[in-house]
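First chain written, first letter: the chains are A, B, C and D, and each begins at residue 1.
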Amino acid sequence: QETPKRGGVFTVHLGSEQRILNPALRASTGVYLITSKIMEALVDLDAKGNPAPVLATSWDAAPDGKTITFKLRQGVTWHDGKPFTSADVQYTALEMWKKHLNYGTQLQQYLEAVDTPDAHTAVFRYSRPMPLDLLLRALCDLGYIAPRHIFEGTNILENPANTAPIGTGPFKFVQYERGQFIIAERNPNYWRKEFPYLDRIVWRVITDKSAVAAALETGQIQLSSYNGLSLSDLDRLKGDERFEVSTRGIEANAFNNTLEFNTRRKELADVRVRRAIAHAIDVEFFIENFLYGQAKPATGPIPSSSPAFYPAGKPPYPFDKKKAEALLDEAGYKRGAGGTRFTLKIVPIMNGEDVPLLATFIQQSLGDVGIKVEIVQLDIAGALTTVYRDWNFDLATGWHQYRGDPAVSTTVWYRSGSPKGSPWTNQWGWQSDKVDQLIDQAASEIDPVKRKALYADWVTAVNEEIPVWMITERKFFAATSRQIQNHHNVPRWDSSDWHDTWIASS
Amino acid sequence: MSAILTIDSLTVALPPGADRPRALENVSLELHPNEILCVVGESGSGKSMTAGAILGLLPDGVQAIAGKILLEGQDLLTLDDAQMQQIRGARIGMIFQEPMTALNPLRTIGDQIGEMFETHTTLRSSEIRARVLDLLRDVHIPDPEAARRAYPHELSGGQRQRAMIAMALALEPRVLIADEPTTALDVTTQAQILKLIRELQQRKGTAVLFITHDFGVVAEIADRVAVMQKGLLVEEGPAIDVLNDPQHPYTRALIAAVPPLVPPPPQMTGSEIILRIEHVSKTYRKGGLLARHRRVTHAVKDANLVLPRGGTLGIVGESGSGKSTLARCMVRLLDPDQGSIRLGDTDLASLSRKEMRAATRRIQMVYQDPFASLNPRRKAGELVAQGPIIHGETRERALARAKELFALVGLDPDSTERYPHEFSGGQRQRIGLARALALGPEVLVADEPVSALDVSVQAQVLRLLADLRKRLGLSMVFITHDLRVAAQICDRIAVMKDGEVVEEGLTAEVFTAPRHPYTKALLASVPGRDWTPPVSPDAVLALADTREFAPQLL
Amino acid sequence: METVARLAKSPAAIVGLLLLFLVVAMALTAPLVFPRDPLGLAGRPLQWPFVNSRFWLGTDTTGRDIAAQIFHGARISLLIGIVATLLAITIGIVLGALAGYYGGLVDDVLMRITEAFQTLPNFLLLLVLVAVFGSDIKTVTIAIGLVSWPASARLTRAEFLTLRSREFVQASRTLGMRDVQIIFREILPNALPPVIVYASVIMATAILLESALAFLNLSDPNVPSWGNLIGTGRSVLRTQWYVSAIPGIVILLTVLAVSLVGQGLNDALNPRLKRR
Amino acid sequence: MRVLLLALRRLAASLPTLFVVLAGLFLLLQLAPGDTVDALVAQMGGGDPVMMEELRRYYGLDVSVAVQLGRYIWRLLQLDLGFSAIYGKPVSAVILERLPATLLLMMSALSFAFAGGMALGVLAARKVNRWPDTLISTLGLIFYATPSFWFGLMGIVIFAVNLGWLPAGSFEEIGAGYTGFRRALDIAWHLFLPTLTLALIFLATYLRIMRASMLEVLNLEFVRTARAKGLSPGRVVRRHVLRNALLPMVTLIGLQAGTMLGGSIVVESVFALPGLGRLAYESVVQRDLNTLLGIVFVSALLVIAVNFIVDLLYARLDPRIVT
């Protein structure tokens, strides 16, 4: 390995316009890709996937799991020169995470107070036990700290610092040209002395996927992550020497293709029909031919890339057309005139290129077993409302993103009682006391081993019932120019701070 | 005196599919310096083609295929385009009929006249400007300096035609061709333009080829006359001879069709008044909400007229004097602003739309344009039957009645199945008449019913009207701008000017002893007023032979 | 009849009719030539044309037969074109006729509405309509019709403005005809030819509008429309460009056919050109 | 001064129309499934209902439609276009950022279409029914029939991907930091293909109209007068026909201003240009009502302005028109 070289501009693809650049208010990869270089979280994951100190240097949980104490890093200053203290942590946690941050409000639901005995200690007090591993894993994404002195006393949501962020990170925000680019430059006063290596990072907004590959190939950008390239381009660029196309360093962001069943519909209320549908779809074929092999059949809602929770297993419903037909017959839905048993409406929730492909594939596959499927094309706002608020769907298909711990955003897909209108939660009219119990227990179980066991039970239970079918297990791909060094060396590298990234001269 | 322009056995071919194979057949003519040669003939006789052939400006597909056109000995038909360009404008000037459309609307008068010099001379622009002013002065345009900078739409029709003449004469060409230069103008303006052409021609010794269809104009201006019929030159000679002692039957027929200016002795009409118009006014308002942008035209101002039962009331006046507006008020195509229109004892002006629809059968209208007044998508018979059907007649009865009416107006009853475009102009006007008569109206309002027709056809239609009037006891309001026509057909005359009725009385009285100065001026402007066309009944019959009309009506 | 005869004389119109005939033939024979569901999985995705004899135009990103989609797509495009055009023209004619015939306040109000529609970029309105009412094929077709009428309304109005002062219309009134009769029986047949010619423009535009919608992923995915195919091909544009190219060419030819026929009609109906 | 007055008057006359458009659109969009918060949550990848309700309150979506409309109109009367939900900035600022690209694209496409259409139309009319006419008319028809986005895509495949002559998209080289002439050149290079794509269909229309208009004017009386004056054919066309034939073309510009804006939606999304069209598309998809209405407002103003300029131009060309 060469010795790192200082300087250079790193240009990164940004797939969509961001409304807000404050990760303490908005948890999304789009925001992390940019602002994680500017603002920092309390903790991050190290190369092995274990929580590593960033703004917090150490942590400690009380035996009852209700009090968690963070020691904070000293000598850190905000980009405007003010010192970083525990007051910032207190303010951000109570005013932002608990009140505004998506998933954060859920996670910090039982956070009662954050005590600040001194400037570099923050004590989180919960009304219910909070598993430390859950909190740490979640805080990588949901633990970004914002400067209290900028936000306090203002309307948080309208604060200009939301689009011109001020942080403690290795890069300072420079400019955001809507629809075009964002620029950040090296922070000379970064607390990791001598870091970062890069002079500048430029994020270029390219919303059209087919334009991304061209930009990459002509050197206009050097990185496109989170499947910013189309599947076909990813496949093609795999053979290109100039780039590394892989899932390395994005493992922490696994996702699934999903199929949601509205069990208010009488046919779908019958678990045999749901199973039959699952059996009717040739997942291997889909992966091979539509996804360029960039996936594997899922074994349940917890992906294999999450060893802390993953219960080994096989895909529960292998492709078996005969069995599907038999199940449907058994459920009493015989083929009628024209070979059709019944008709279902599927709503694709378009947050990925492959969603319409899968909708079409489902349409094709279910047609083969006598279920006619109509695709209801809606834009994403329309689709979310139709599925999650109006419940006006039979099937829906989209993505589920796993966020490091099932409790963060996965179990809500199964737990009953989510308020109507809340997207990506159980709105399928399906309920099981057993599953609800397992979810609640696991969420406040502080012993990691017991937690894992509880989740294994839970996976078995939901695989049995499939109110939602996690069809594939996928990882995001990134294409990175080989000029870039030290890239994807941690599990959520694209959302990390890039302090050690550098560019080799070509 | 040797001819300056000689046309020798000229034959012009029309493209296949035209109404006849040759536009001109073996035409020979001579034009001498310092004379005005009038070419007369009915529409389509080939007058314009003659002019076009001389200038080499025939329409696409039309071609001179035989003969010669010699300009001072040089055969124009053998010249190429570039050579012709040298001749056009410089040695042959040209004036067209429509002063509205013959000038480029987007360029100033001075610019367009100056272009003559730019094209054919090397004068500097200041000199050109001076020359243009001189020319405009020559044609007696008021305020030549302003006219030079004016756009065509800012001038009146007569002024525009003066500008055209100035342009045509700019380079003092030896030959001037004028293709119906006064047809689109009012009589008074026409008289002035004719005088102007005469004056300039005499001053400059120009040879003028003057195309017209109006024998009055011929009588007014011509030295010599050439008569054309369907592409053939049928008669040629000095004006006095041809006008007063025509030789060719066609010429005789044409001249016989020209109505004399002297009214016939008055007919007896009853004293009962069928239509009484009192204090009728109509104002057109146009334009935006802001007062400045509003355009107000007082088209009819306080008109008072009476029509005796069985009589014909003529309304004459220049273009824009409000004749049509008044006529439309009578049939309630327009709602008069005030006043009453009493038909018998009903006041039409106060009827509701629905009542008026019922009342339409008592008063009907005949229109000017034989092309526009018939719906091109309906069969002739249907057009005539429509009115009765609307008023409750059964379809069969109405169609049968239409056939009778066709016979009445001198059309073949079997032609009810044909479409309007399959009829000639005169025939169409008869269809329009039949349509109006189908409802059995008490009053017929005819708005310039013969203005669009050739003299010979015009004569027939007028005769038909007179005949019908006698047979059916019709009362009629007859609008015309042609005093000759008015003299022949009307019992009473009303003269309109700027929306006002300035004089009204028995035709004979108005014509012999006009009281209002405007009436006097109007009468003085009638072209060829001193010439009384020789009438010979056999000539009229001869003309009838050339037409396809039923002769029993003549 | 005369019109048809004249139409047959123009070479452009003949080419247009021929192309149109081909498209119609594709539409009619689609179920015979490709009896299977054109949206069904036919084989391995992204096979190049002329490689596999079963799919002589290849397969798209979801393994559907492109040729089958082209054939079945002809039905969709024609359907959208015809229905949207009829809708647009009907609205246009009624509003234009009323505005042109009555003038005054009616005209003012109707023209304000027309203007409102014209100030709004029609494609933007189409997007909104589809976002609001969803994108199944019926909605899309109606939406296209709804955004396409203003021009035909203006055209009809202009025709009515000139025709209503024609003497034959005045004659109808002096015969005692009612307004409705005058508008629809007397004036409309005479005002129709330019509107009919314009219909070809609307139809061409309608086909293009649908394809643009589909390209933005906003058309009905349950029908094999050509625009949808171009849209799917977009993600593989750099490698399997044929997926987008083939339907594009077909759209081009269809629209060309419609325009050629329209132009031929124009020449045939235009009296000024009759003599040539 | 007079022009300004005229412009103001014209604006005042169009206000009712504008008002109807905005209110109509506002109400129409209320019927759309989902609101901007749904779109926002979709972008974030999820969120909980408490936060969503809070955001709805924040965006003023928690009150009745009538109140929302009332508020919107009240703000509009104060010339305030409101706050953009997607961009978290005043709508006016967002639009102002995007306007230049669209204006540039529209203007270059318009000039190209107009100039090209005029030149080709004149050529075709002068060689009417001969081979140049046939060729030009055929090309025009083909241009007209080409779906613009498809032409753009194919242009990218050929010129950007295969030949590498032109950039595949975007407005300028980002981060290159060009200034002055170099930057103008860079933008021009980037806008070449988009301009062509957008202009194609208009070029075809202009060409057709120009040809027809030329033929029409060539048949008018005053052209015969000009020829009778001895002018050469070229001069007749230049001095008498052209200006008259241009009148319908100028009218067409006004009529098509709206259509062109619509077309730029597609073109901007093909070439990833940061313009109003794409912003409009995004704001529809993101249910960003304020931004969308703002765009409609601005584009309506643009259309009105173009029409006003067209009228002025018309009045200059045609002395018969009095403004």
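Throughout what follows, a contact is a pair of C-beta atoms (placed from the backbone, for glycine too) under 8 Å apart; a residue touches a chain by one contact, two chains touch by 3 or more.
If you want to know which protein each chain is, UniProt gives these names: B = ABC transporter ATP-binding protein; C, D = ABC transporter permease.
Source: prediction; values computed, not measured.
Taking each chain's centre as the mean of its C-alpha atoms, the one that lies farthest from the centre of chain D (ABC transporter permease) is B.
Here the CA centre of chain A is 39 Å from the CA centre of chain D (ABC transporter permease). Rounded to a whole number, the gap between the C-alpha centres of chain C (ABC transporter permease) and chain D (ABC transporter permease) is 22 angstrom. Work out the mean CA point of chain A and of chain B, and you get 87 Å between them.
With centres defined as mean CA coordinates, chain D (ABC transporter permease) is found 50 Å away from chain B. Along chain D (ABC transporter permease), residues 32-33, 156, 161, 269, 284-285 each make contact with two or more other chains. Among the residues of chain C (ABC transporter permease), those touching two or more other chains are numbered 131, 134, 234, 237-238.
Here, these are the chain pairs in contact: A-C, A-D, B-C, B-D, C-D. Per the touch definition, chain C (ABC transporter permease) reaches chain B in the complex via residues 166-168, 170-178, 181, 186, 189-190, 275. Residues of chain C (ABC transporter permease) touching chain A in their complex: 37, 39-41, 44-46, 61-64, 131, 134-136, 217-222, 232, 234-240. Remark: chain D (ABC transporter permease) residues 14, 16-18, 20-21, 24-25, 28-29, 31-33, 129, 137, 141-142, 144-150, 153-154, 156-157, 161, 219, 255, 258-263, 265-266, 269, 280-281, 284-285, 292, 295-296, 299-300, 303-304 touch chain C (ABC transporter permease) in the complex. Considering their complex, residues 209-210, 213-214, 230-233, 236, 289-290, 350, 353, 356-357, 359-361, 363-365, 367, 374-379, 382 of chain A touch chain C (ABC transporter permease).
Within the complex formed with chain D (ABC transporter permease), the chain C (ABC transporter permease) residues making contact are 12, 112-113, 115-116, 118-124, 126-129, 131-134, 151, 204, 208, 211-212, 215-216, 227, 230, 234, 237-238, 241, 244-245, 248, 251-256, 259-260, 263, 272, 276.
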